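The structure that follows is given in the form of structure tokens.
Letters are used for the chains, namely A, B and C, taken in the order the chains are written, and counting of residues starts over at 1 for each.
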Amino acid sequence: MYPGYDMTPPDPRQTRELRLEIEEFHADYCWTLDCGDVERWPDYFADDAVYRITARENADAGLPVGLVYADSKAMIRDRAFAIKHTQMYAPRSMQHFVTNVRVLEAKGAGIKAQSNYLLLQTLVDGPTTIHQAGRYYDSFVRAGRRLLLKERQCVYDTVLIANDLVLPV
Amino acid sequence: MYPGYDMTPPDPRQTRELRLEIEEFHADYCWTLDCGDVERWPDYFADDAVYRITARENADAGLPVGLVYADSKAMIRDRAFAIKHTQMYAPRSMQHFVTNVRVLEAKGAGIKAQSNYLLLQTLVDGPTTIHQAGRYYDSFVRAGRRLLLKERQCVYDTVLIANDLVLPV
Amino acid sequence: MYPGYDMTPPDPRQTRELRLEIEEFHADYCWTLDCGDVERWPDYFADDAVYRITARENADAGLPVGLVYADSKAMIRDRAFAIKHTQMYAPRSMQHFVTNVRVLEAKGAGIKAQSNYLLLQTLVDGPTTIHQAGRYYDSFVRAGRRLLLKERQCVYDTVLIANDLVLPV
């Protein structure tokens, strides 16, 4: 349970179209990251968006700390720039698998959902390993015909993640 | 192929709404387990439900044995109680990923489906590992607007699972 | 990005029914492989189908080489026969998880999509491991009410795959 996302969800049949739309959002978002197009990553966020990656134990304890924290699209853009232009790291392939999408709220402007993500990593000449597994807790807003993230809380179970390099999830 | 689930499935386009409904069932069911709310786990079953977790080699050989076996909601409730109140085990996070849902039968009261599940486990201070991978063979009944499990056969490929602690799947 | 699959995709809401149909195709296709029914595997392809499994680095470099290559249903059938009747290998269970389906093109006869696949392998008396993770780049044609693959490019991230035994993906 994540604070702000612990409501009783509506009947899934009433929110099915929204669930499918969110799945399609995830597929596009993850593809952008998986093909290394990190400069396009901020495009999925609203201007005042909050983005955080944090461990489940921190989330459970209500701690605000996180591996990554940004509270505006501008900060998200800064982070994307840093990854693209200043960080040095060994080439690797990343692949996201998103399943188990649940719509938690869908009244008017308020759209909330949770989803499971599995992030696989393959280093050159290495096996494919589980880099991070966790849950997205998302709040969306509508911008024209698109959904944008107003908040994405990535809460990972994986404690021992390589935190020398922190890529977006 | 699992006995009783080896029929020729109907055209998937005819059963799409049911497939989506089963996906939503899985998402709720798995979330209940993943957030450790095992006392709510029996709520997903009909009174006379059968629940079993068994290895693929046992299933293929037609053996009735299994890691877990319950043939009523009361037995399932007993098991939930035991996990909650009597077993001792190190804290861990579990996460289910369910994909590849196939509706196998959808005539009147008879609803059967199969799905792939991947269960990840993270021990405190450990990496995230594959705890169990397998298939659900499910029979559902309708109870008002909800689906309930009349039978769930969890058939896992993973031979070397830690069987000292058997959590529901 | 895979050559021929790098177009701007249509609005996902316009192609949702097709996306769901492709998910259903994947579920059937993968089940055929996962239950070892390799002789039925060619049934998912059109007569002039191209099938290839190749590493991402080869795909990125535009190299035509691959772990497996077939440019007709007849060649695919030959391969299925070889696996069934001539190759010797230790018994194992395979399980596919397919997620993140994106429709890339849907105009008239032209149907293109990409999807993520995770292929798990379990050897007898071994743990379940990640055998291969990658992406399907698919072109479909309609044959009556069914979809058939006109092209399937399986591009895997996993560099260190066991290439002594190459099963279909």
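Throughout what follows, a contact is a pair of C-beta atoms (placed from the backbone, for glycine too) under 8 Å apart; a residue touches a chain by one contact, two chains touch by 3 or more.
Source: prediction; values computed, not measured.
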Legend entry - Cα superposition angle of chain B on its copy chain C, in degrees to the nearest 5: 120
Inset, instruction - Quick one: compare the interface residues of chain A with those of chain B and tell me same or different, with half as the dividing line. - result: different
Inset, instruction - Round to the nearest whole Å and give the separation of the Cα centres of chain A and chain B. - result: 27
Inset, instruction - Provide the list of chain C residues touching at least two other chains, using ranges where the numbers run on. - result: 20, 97, 99, 118, 130
Inset, instruction - Sort out for me which residues of chain B touch chain C in the complex. - result: 1, 9, 11-13, 16, 19-20, 56, 97, 99-102, 114, 116, 118, 130, 132-135, 157-160
Legend entry - chain C contact footprint on chain A (complex, rising order): 20-21, 24, 26-28, 30-31, 35, 93, 95-99, 118, 120, 122, 124-130, 145
